[in-house]
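Read through the structures below before going on.
Paired with chain B in one complex and with chain C in the other, chain A is shared by the two complexes that follow.
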Partner chain A sequence: MSAVTVTGPSRSPALVALERVQSLLLPALLIGEVIVFALLSSRFLSADNLVNVAVNAADIALIAAGLTVVVLMGGIDVSTGYAVGLISWFLATLMSSGTPGALTLIVALIGGALLGLLNGLLTARLSIPSIVATLGTSALFQTALFALWNRRDVFSGPVLPFLSGSERAAGVPLMLLVVLVVYAALHLVLVGTRVGRSVFAIGSNVEAARLAGIDVRRVRLLGSLVLGLLVGLAACTYLARVGVVQASSGGELSLLAIASVVVGGTSILGGEGSVLRTLGGVVFIALLENGIVLAGVPSLWNGLLVGCVILLAVGVNGAVVLLRRRSGVAE
Partner chain B sequence: MTDRTGTVVSSGGAPPLLTASGITKRFGATRALSDVDLVVAAGERVAIMGENGAGKSTLMKVLAGVHSPDAGSITLDGAPFAPRSPDDANRAGVSIVYQEPSGFPHLSVLENLWMGRQPTRRGRLDRGAMRDEASALLDRLGLPARLLGRKMGDLSLADQQQVLIARAISMRAKLLILDEPTSILTATEADRLFALVDQLAGEGTGICYITHRFDELERVADRFVVLRDGRNAGETHEADREALLAMMGSSGEIEVDRAGHLVAETSTTEAPTGGHGGGAVMLEAHGLTAHGAFAGVDLQVRAGWISGLYGLVGAGRTELAMALFGEHRIDAGEVTYRGVPYRPRSSRDALARGIAYLPEDRRTQGLLPHMTVGENLAAASLAVLTRFGVLSRAREAALVKRWSDDLAIKAQGSGAPITSLSGGNQQKVLLARLVATEPTVLMLDEPTRGIDVATKSEIHRRVRELAAAGAAVLVISSEMAEMLTLADDVTVLHEGRVTARLSGEQITEQAILRAATGVAA
Partner chain C sequence: MSAPTDRPEDGTPTPELTPTLELRGVDKSFGAIQVLHGVNLKVYPGQVTALVGDNGAGKSTLIKSIAGIHSIDAGEILFEGRPVSVSGPRDAAALGIEIVYQDLALADNLDVVQNMFLGRERKNGFVLDEVSMEEAARDTLSKLSVRTLKSVRQLVSSLSGGQRQTVAIAKAVLWESKLVVLDEPTAALGVAQTRQVLDLVRRLADTGHAVVFISHNMVDVFEIADRVAALYLGRMAADIPISEVNRSQVIELITAGRSGTIGIAPAEAAAVEV
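Entry: the complex of A and B
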């Protein structure tokens, strides 16, 4: 390759500035959030509270990890929350009838895989836009949960000890280790394997990826399957956290998982991002949820803030894409 | 008119309609236009000439508000004119009609004519007014009013083009830019277009006309402005072929090929692989049909041989290549690969067998814009770089180095973003992506569209070397010069059917064009 200094289109100053804003958005939000909540509540930065935050965020973290893979390919999944709810109902029911924990974990993974594959088949096989397909399945899961619930809350404990918040190793919850292992594994797959490279290629330009011989449908299906498995695992940690399954259990998780991914800086249009960024997004969202409670702010504000942060992140992302297009730096 | 010092003087005493002076446009490091001047008088027909990459289209797009110039100024009717968008330019009276019709195929002609500026009455579309004005317009332009109710997509390309011209006229275009309008028209259709152009010029509309075809020059223009390498190269009122060719020639390397078409290449005269007929037939199609795209096509691609596939827009050439690559439906017919029946199923399957395809549109079908040069280059070779699913960075780096050296790709290392490269180098990366899979059959769809002349001849040279080394090459192009210089034989498609199969001395511009427009069977 010959060394040549300049070649293609130049980036306009506005684009350079905006790209900097984009890369600094999450760190700035995190620092701001920590300062504000630390000032509002003395307990916010205590070790106890932070461990608590980690335990409470495990389900969102697991979903967001899988969701990142789907979003990197330009897809989306809005059904994860009710998928967690639906799987949790089965888990709780099995456990209250005395099924051993290991068996329920397997049921959770199989259930998650099946729901994920359903979404995958609709989007990858039938080419239904993922937002529409998963809105549909979300309604389906919600209705199924409501019908199964049948006005009877199901109470239950943790599926397995290491998926509950209480089990610790040297003060660190085992659940947190599970989450970190999942992130590390996904990260290695995304950056170091053929499938990972294919994920980025599909997200960057699906037509070009297909014409370069990448099996787009299979990789997409695989992405949905991975998300499904993690949704199954998230159902276990969710159940351990809340202990009861009700008519609309899990529903709130969808938005929080999506928020974690986009605030982390993975492009909602695909092709750009990483699970490590998502982990940062999860930390932000988890601290936000926790800090608001500690600061004694009505939880109504929670939704408002999460909504604003999503719009901010997506807005900056959209503006970057627009400017790149305008200055001819392709996509 | 422009003298060589770059000062703009008025043309023939008439006040200029449009004056562009010192127009400069850069795309990254590529200077598409350097200090270009252009004057058009009302009612004047100006042909803009130059070889591909000379800057004709860029200049026209600057006038039409698609690109904004980095330097220079434009006046229209004496007032400063700096359109910020095509819409802006339209409103000011400068309209462009592209080579390939760009209307709304699912809407009626009437709706196409009024798109974006529909008259309303109390908030509702005023259909009566739309219809009345539109029929008056078509009437004036000598077009049948019954067109109005038909769907744009159902019209012939020629009719669509005329509708778009009518649309431009209805927006009170003072300057109408036509970008190679006859390249998709039959001789009769072209005559209709010329008559329309004459009528408009007679009514005072200025016309800028981009063309590659010498045979229509005298018919379409009063003045000929030549660009070369993004600069003014001279102009004349005489349709003198020799003089124009001399002005257009790039860096003195001008050659005129067997059909008298200019070609800016030093290697033009070395006929690629000689008339030995090529080696074994590697890929062969028999009666290949996909309804609505192509029908009954026979085609052979031979080892050590460059076959050309020519056709106008909509002739089905890309669909045909995509079908052989497993990415387009096949309704009937047979394909054999290395003498064995082969049913193309997917691009993945085709690549694995050794059949590679360079897509027509670099941006939408080729580039992975978020990824690096190296990742783009290696994208089709992931299987050989992987063991147990894990990519070998070392093997990837070696592959990228080998093929980017081979094609002399200019980039700041393989980790540079692909978007930081010039168009020509991007195209080289995409070619390297295919060559790296070491294919036996190489199908190249518009391999040099929109890239600079130097890179173009590099790519041509490399394609010849690949063929000489035994690859079976199929070059698909709508560029006549490319067919004439590169192809050992030429198959011509017209509306999905093969209308000519030419080789050796039969390969002439006239023969190809006649077949492509369906004149000769």
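Entry: the complex of A and C
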């Protein structure tokens, strides 16, 4: 940095270009995806199919919304999939013994909150890195589900009709409205309230947040709690979608939720991003899964594409951060 | 903001003047290592007190103790004559203590306004009152004659070192604090930016703030300080008007804890220098 800079550090052309790539990545991926799948299958863009995609994406959307809050604070959670699986085993068991749907929903929310708080306590209270803590709890949830399952698949209908795709108003599934309300509410809290501002500050510079008097542990715990509640809700929509709980139910959701967040453009290092971007990421991931099936491509390719897209998004994000550091813009 | 006080040119406070901050016999250890030994310090309103000392002398530890980030093991902290216990950044802020840390506690992904109000945002019910915060931030910056910022909505990551320091200092002014502590605010700056920051620090004192200014640069110290407090291996070697010492004496105080008749007693100094 030169001695008399008054206008701020100069940004290298490479950095400017990369930042543009970062901001255009999601729109470009979305457009490319829609064009390719529309060409491969005439059903892809039909209203029926799109509503179907939205309904099927509800659980990922709910998890990814909560996960965004955690990622914005520089954390991560890889246990959400098996948390959904574990909770839905309880829900299916309750439903098949005739428990009222409303009560089952409450159990789902409480269960989700408890699992979220467990992750939150391990990371915020005991300062265990969130990747390690949630890998541990993920294994725990998976094993618990396996033990409870005990070679007996549990079948169940939707917990409540509005948490399945069937209940609609003017053709729009109510479940979709639930998801949109969750996103709108989280967005408003994140950009418009003090606690939302704290989330960004923590992800940007924990030390600064602490010195500004922000109770970092409390906000982190709150983030894990919100994610937990949404995981509980996602367990309901998941059960409505698949109708049965098996030994490894839900496991695939962890990665898809993470993929939605990072493809959306929320920085995996925290401090930068939004739930609205994540919603875009969810749309991309959901369309990808659906388009591959409609195009008749073996579903093996799905994992490959999701993996590549995650690496691409994280790679661009990492390169931007690296270049910012190099060009003297303090991190 | 405390009323502007007359500042006698020689840096001697008028007898009735109560120090904004007074430390009495402050001890602080990290585990087995004692970093501060019975530190006494008086900081007066309207004056810049330069806190000097070698690397590791305990300057940063001292101000973190004032801020309540470190709890002190022994001694007393008086604020405006009253004993206080500060147990965290919030307490310090409530008293009117603002600290600009050495490693600049700013959040890069937030803009200037958001940083200035971090942790103390203005609200309208539940919702942040962005308009009034932006206005107040702009007011404060113009009151300090800061004209180098293009926009108060710029992300802090896009600011230069001097601009970042300016934002950190403006934050202190915004909160109408009585005591402003600056830990090496010019250490990473070039000539022009150092000039800006020094002017800003002087203006802080001239508007009645009590200012503690930590620096290794004797030119800066002699330019803006009214008093100088020298820490030597965790002991306060001297806390005196700067008019009573010259540059080489201050350097002696920093490196040996003693200069002529000023400083820690020879026996003690010898005992410290194992």
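Convention: the second predicted complex is superposed on the first by the 325 of 331 C-alpha atoms of A that agree within 3 Å, B and C clash if a C-alpha of one lies under 4 Å from a C-alpha of the other, contacts with A are read in each partner's own complex, and residues count from 1 in each chain.
Going forward, a contact is a pair of C-beta atoms (placed from the backbone, for glycine too) under 8 Å apart; a residue touches a chain by one contact, two chains touch by 3 or more.
Just so it is clear, the structure is predicted and the values come from calculations on it, not from any experiment.
Participant: Put the two structures on top of each other at chain A: do chain B and chain C fit, or clash?
Facilitator: Because the two structures are overlaid on the shared chain, the partners are seen to clash.
Participant: Per the contact definition in the header, classify A:Gly213: touching chain B only (first), chain C only (second), both, or neither.
Facilitator: Once the two structures are laid over each other on A, A:Gly213 reaches both partners.
Participant: Under the contact rule defined above, give the chain A residues that sit at the interface with chain B and also at the interface with chain C.
Facilitator: Dual-contact residues (chain A): 1-9, 192-194, 197-198, 200-201, 203-205, 207-214, 271-272, 324, 329-331.
Participant: Can you list the residues on chain A that touch chain C in the complex?
Facilitator: Per the touch definition, chain A meets chain C at residues 1-9, 192-194, 197-198, 200-201, 203-205, 207-214, 271-272, 324, 329-331.
Participant: Contact residues on chain A for chain B in the complex?
Facilitator: 1-10, 192-198, 200-201, 203-205, 207-215, 271-272, 324, 328-331
Participant: Within their complex, state which residues of chain B touch chain A.
Facilitator: Those residues of chain B that touch chain A are 27-29, 325, 327, 346-348, 350-352, 357, 359, 363-371, 373, 375, 379-380, 382-383, 385-386, 389-391, 401, 404-405, 408-414, 418-423, 425-426, 433, 437.
Participant: Could you pull out which chain C residues touch chain A in their complex?
Facilitator: Chain C reaches chain A through residues 67, 69, 88-90, 93, 99, 101, 103-110, 114-115, 118-121, 123, 126-128, 148, 150, 154, 157-164, 190-193.
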